[in-house]
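You will see chain A twice below: alongside chain B first, and alongside chain C after that.
Moving on, here comes the complex of A and B:
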């Protein structure tokens, strides 16, 4: 409970209209998807207040006040996900929505300086106007670039060209957990933003570690992100009415959906196209969310899905080419088509005009016959053909699907539809950063595990399709995560879904696959750290050094005491049998209230 | 939907992802950072609670007994123009019903006796006592048409009834538009009648404020009266009247007439060559899509099904439900009319059609929170100015009046006008400011 005096002080910092203790408003911060899996309710702990600072100085003043009064605090940018909150009530929530400016776009040096509430969609729109583009995390264009770059993961569909969020982080401004301000990178000395390293040791790794501190390490107030060339129009030309929009695929651009005979071909294709440095996007979308993405409602999806054919389009990759001129485009296309030939791929959809669409469809169908068998194809084909005929009548030709796919990949605008519409919610796991080959191993294992949980009735039956994956930095590394859909309003799912997470985490350890992409927070550390050089000592050490009072709420970062208690429990309690949900419950019980030094090592 | 309770929407509310998509236009349509917000409420007040999704969470918290009514909570619920932009952006991705939930939340407040807000009471009382929202005696409702030679639809059979609405009938600064509408339609040979002082309020304010009882009572009276006329169609030039007549009345009782907006009728007349424009306008204009003419005008398709799960947890509606996603709103008709006017150049704003930014006056916002309504209008005026247009054109008296205030407050050089005024000018009648 926040005292009236402290609340008045907070109002004094941010202005009376920008601070609230109204329970109805606070609840809109406590409510989060996935909360039901973490705390067994749709609401995380209700914050004691929400404040909306308008700038860095206000953030500093708030953090200092929190330190003085021992109030745990956490910042959010757009605030999507339970990690922006705390399982325990009483934390002070900083909503950074008012810090929403693009401070600078340096077109010559190809970077943009942004505040926390700048999202992918807005920076991209402005950058495209200057012939540039930015990396947008796979969460979609509605999420914060700063949050992604400084604090959370960073996977995104165009990663083969635009890298990974942590690698795009240049100079940044950081209100450290005690309220001190640090300008990191060349910003500190030169006031320039073009590098996040030095002079002196780089702090980029320190603030982020593997997956980011998820708000548990102070507040980032500004940052520069790298921009990339955009060889397209200043704005995409859109047609259609919601929910069907399409973009004209510009000259010297193309989008392909290519299907393969099996994993090995898909592996080879990814590696070769990555190495050839020709693609703007190179990504595998599982069939179910892909079909959700191009349909208007769950009903329409179901009608189409019932055909059974899409389950068999599992070995597929989407590729976008964006060239600066015709010559380069010809080169990119020729290389791509050669690789398709070498790897036995078949083009199921392609935006390059010509009679090719129809050929492609025929090829796709014959491929389905091969993969699904003639009977299944014959059974499914009427549904598919009825769908296609209806779509055709409504003017949605395959060309239009290609345009919709292009739009979705460039603008990253369909994520929420793909993952939230089917069941209401989703969970993702596995998907650590590793080689593309290892990603495929991940996918195979993930599929096996998911099938079991579908059979138990816990997850939506999406054909147990393997994960959402893509390559980064021309294929230098990659990730493939195991997306699963469930209904958060259904107790059966809420009760069971964590078991799926446990199984995937255990599999990554047992089979030596990469650490789960969201391996952050004490339960994850407890599973992984003993297998990875007891890394939690380092992470906890960093946290304690910068945040001795442990006030920057760290339930999704690290609390040494809790992690170590859980490690012990796993060791003693036959860890193999301890499921993730039990661990979360234990973590809840163990959690030392922030603001005390419980959880810190003895001096 | 009328008569629904928060319980009916518990699953929808629980399934909100808190993704904030309801704060932006459908993501594909974001064109700049400056005009990237689509929800007037969150644009002004910033706390998540003000967004469509935020209000869904408040609904859930109320239903689960986590929160109790307070002045601040009511402020959150009513500082909202019920413009439905959140609904379109959410439904770009989801099968949820944010706007229905906003209505149900308001209706719950009214049922629980904590609403209407004091500022709304005179409007609703006026509807009860005078059958109009402007606290004017019934007799005055027909005064706008005194000098017109137009049939009284009660006395003579007509093909088309012009339903003028309270604002065009009773606001002196708006009455000219109603008269012009009648003159233009008659000049094109439309067999038109009016109801004059016997025209009742359409009931829209009661619906948007949440007084469902009053709305239903009003709608029943209206449907009965209109059905008895035997007209083929009812044409409105107020987007608010059009919205409820077309989409909400079918929830109350069946009607034996078609409801069209004047822009649709004009587009039809243009297409049939029944309006010939001779006077060039020589102007660059921009067009504001009124919420109730655009995204909120989809024909209501009754659905009384249940939710079913297939593939373990894929949620579908049985029988299939057609979601109103703003796809079939009236967007083309006004643009077709504008395109037919000589010397007129339309330059579009960034937020248009189904993701148009609201003018700010709807949902009782203007009466209860004038500063919010004005801020919203200012935002729209700013966007209109950015197009370089000289004139901000719309097709709704509420929009026109609030945007005019925004223009005045901003000291903007923009002029505001209604489509019918441009049409009339191009036909050789009237003058434009």
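Moving on, here comes the complex of A and C:
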């Protein structure tokens, strides 16, 4: 409970209009995606208040006040789920939406300095005007760049050209858990932001890893992110009517949807295209979200999906080429065509049409028929033809689909539609950053596991294979996560989806398929850490050193006591027999409220 | 101080205490220093673990060394240290063409690695003409700039996963090599230790990198490699003026063309090639074709780069002072023996990060400081290395003079550069303290971080942020 005096003090820091204790407003912060998986309800713990600081000094003052009064706190910017909240009520929520400025774009040196509420779409639009572009994470163009760079993951469809958020972070400004302000990198010496490494070691390694602290390690108030060259127009030429937009594919750009005979061909193709350094994007979009993307309602989706044909389109990859001039584009296209040929690929959709591509499309369709079988094809064809005829009548030709695909990949603007609409909610699993070959192994294993949960009626039938995968840094590494749709209003589905994630986590451990992107928060640390060098000791060591009172809310970061209790319980109870729900229940029982050190081991 | 029990602590390593065999690690070559109490030649990670535990129990400090002598910065400064010499750890565990990754122990040198990589069609990312005997992993751990900015996605590149022994004596693996599974089990699923990040919510490799052994001792590392070029040419552009070269570098960086890309001044060009009469500056840009239509790649990139150059009214030279592109390429990419800068007694470096457009300011700083210090400007060599895809520039000034004089000048140059905003991201030499001056919170943050992983302060605790800040 926040005292009136403290609330008045908070109002004094941010202004009366920027602090509230109105329950209805507080609940809007507690109502979060996947809250039902964490607290068994759609609402996380209700915060004690919400404050909206306008700048770094205000953030600092709030964090200092929280330390003085032992109030747990967490900042969110654009937010994307329960990670932004706390399972326990009473936390002070810092909403950073007023800190929304692009502070600088250094076009020569290709970086931008942003505040927390700058989203990918905004920076991208500004950067494109200067012949540059930014990495937009898979959470979509409407999410915070700073949050992704400093605190949360960073996968994104254009990663083969624009990297991964962790590795795009340059200098940054950090209100440490105790309220001290640290400017990391060259900022203190020259006022510039071009690096966050050094002097000597890099504190980038303290604040985050493959995952991040998800708001559990102080507040990041400014950061610089790398920009990348953009060889397209200063603004994309958009057409269409909501919800269907397309972009003209500019000169020396192209988008391809390529179908393959099987996984091995996809492995070879990804490795070759990565090392050939020709692609702006290389991504495996599973069939179900792709069909969601081209339909306007769930009815349309289900009418089309029930044709039963699309689930056989799993062997496919999308590629975008962007070149600075015609000669480079010719090289990219020639190499891509070589690799398509070597790996038995067939172009199912392309922004460059011609007889060759229609022939390829015919072969791709015949493959689909072979994979689906004649009976299924005959059953499914009417629905498919009806859809195609309707679309064609409405002017939505294959060329238009290619333009829509291009827009979706360049601007990262279809995410929310593709993952939330079909089932109500979704969860994801697997997806460790590793080699492309191992990513495909993840997709294969993920499909096998998910099929079982679909057959139980727990997860939506999306054809089982739903690996969303892509390359990073010219194929230096990759990820492929296994997305699952579920109905968050149905307790049976909620519980079942936990079972699905448990199975995938166990598979990544037992089959050495790389630590999944789920490895954040105590229950997952408890699963993984004993198989991964007991890493939780070190992450917890960092957290405890810089936040001994554990006030920076860490439910998606780490609480040593909870993690170690869960590890012990798994060991004693037989880890194989405990599923994720059991662990969450145990975690609830062991939960040390933020702001106490009850979870810490005795010295 | 004795070293009782040390031999027993390192089962396969050998312990040396003879003074004449330990001089390489302390005073000498014009460097101040102290003699170590012992040198332990570790051959396995277990040896390093054993040594670390022994050091904790006996209140000793450890200086890790992995390159062959002469040692530049890895020199014992105070008495009581034990040197952990890893130069005998020379296994190249894996050279993986499909994943463009190598995994090598810390004693492997550039010349050794390159031989193994060549056999599978790869090449290592090299710094400018490293000295023979230089450890690849040590070079990468020091964030020494490599020559191909396009291939550098993070200043930590090309370093990927590492095996580290912390000051606590714990062995840890970073990035995806941490598990699940052993290396062999990971290879069986197609993994190749390619992702350096993590595990989970910290990047320990970033904390170890740049720490000069003060956060832990690395025994092996995986590293990004490049495809070995099928066709490889060097475009050379001499110029009396730095400004157009800078604009060209930006043009190339924004196009993401080219391989090697660096600017050297006449002094460094002469020292590298042994040929006098070099131009004031030269921009060197490699163009290569790999396994995919190599000639076509070289053709379009060469035409594009030449277009950028001609927009500045300049033209590529077939040779500079009689040195052709092929020879120059060989010189800058190959290990150098004898080392082109001479011995540590004959030179000293000062280097920092800036952006390419600020480079002329720092050239002026060099000119003015030499004048002020009455030092012959002709004895200072300049090397500008774009990094991180051209977003950052490594600015390096090498003072070619007897050590004492070189140290005096590098200190003066560093002070002057610091006043203009130079960022000493890799503190070294007698100017390392400048990196931490007026940054008490940063120093304290580093010290607290060290304490987490090295609670007793056994890992090289008299360098960097551990030193008293003047």
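Simple rule for what comes next: the second predicted complex is superposed on the first by the 593 of 603 C-alpha atoms of A that agree within 3 Å, B and C clash if a C-alpha of one lies under 4 Å from a C-alpha of the other, contacts with A are read in each partner's own complex, and residues count from 1 in each chain.
Rule of thumb we're sticking to: a residue touches a chain if its C-beta (ideal position, glycine included) is under 8 Å from a C-beta of that chain, and two chains touch if they have at least 3 such contacts.
Remember, it's a predicted structure, so these values are computed and weren't measured experimentally.
S.K.: Once the two structures are overlaid on chain A, check if chain B and chain C clash or fit side by side.
M.R.: Once both complexes are aligned on chain A, chain B and chain C fit side by side.
S.K.: Residues of chain A touched: more by chain B or chain C?
M.R.: Greater contact footprint in residues on chain A: C.
S.K.: Of the two partner chains, chain B (first) and chain C (second), which one does A:70 touch, if any: first, second, both, or neither?
M.R.: neither
S.K.: Once the shared chain is lined up, is A:433 touching chain B (first), chain C (second), both, or neither of them?
M.R.: second
S.K.: In the superposed arrangement, does A:188 touch chain B (first), chain C (second), both or neither?
M.R.: second
S.K.: Of the partners chain B and chain C, which touch A:487 in the superposed model: first, second, both, neither?
M.R.: A:487 sits against chain B, while chain C stays out of touch.
S.K.: Taking the superposition as given, does A:180 touch the first partner, chain B, the second, chain C, both, or neither?
M.R.: Touch status of A:180: second partner only.
S.K.: Can you give the closest approach of chain B to chain C, taken over C-alpha atoms and in whole Å, for the superposition?
M.R.: Nearest C-alpha pair, chain B versus chain C: 23 Å apart.
S.K.: Chain C touches which residues of chain A in the complex?
M.R.: 106, 108-111, 131, 163-164, 166-167, 170, 176, 180-182, 184-186, 188-192, 194-195, 197-206, 208-213, 226, 228-229, 267, 271-272, 275-276, 278, 324-325, 327-328, 330-331, 334-335, 338-339, 432-435, 437-438, 440-441, 473-477, 508-515, 519-520, 525, 528-529, 531-533, 535-536, 538-539, 541-542, 545-546, 557-558
S.K.: For the complex, which residues does chain B have touching chain A?
M.R.: It is residues 10-11, 14-21, 24, 26-33, 36, 45-49, 53-54, 57-58, 60-62, 66-68, 70, 72-73, 76, 88, 91-95, 309-317, 320-321, 323, 325-327, 331, 353-355 of chain B that touch chain A.
S.K.: What does chain C use to touch chain A in their complex?
M.R.: 98-100, 143, 151, 153-156, 172-173, 175-176, 178-181, 185-186, 188-192, 194-195, 197-212, 214-215, 224, 227, 250, 253-256, 290-293, 296-297, 299-301, 303-304, 353-357, 388-392, 418, 421-427, 435-436, 438-439, 441-442, 445-446, 448-449, 451-453, 464-465
S.K.: Can you list the residues on chain A that touch chain B in the complex?
M.R.: Residues 17-18, 20, 22-25, 27-29, 31-33, 42-43, 50, 52, 78-80, 95, 97-98, 100, 102, 118-119, 121-126, 140-142, 235, 238, 241-245, 247, 296-299, 301-302, 305, 407, 411-414, 416-417, 420-425, 454, 457-462, 485-490, 493.
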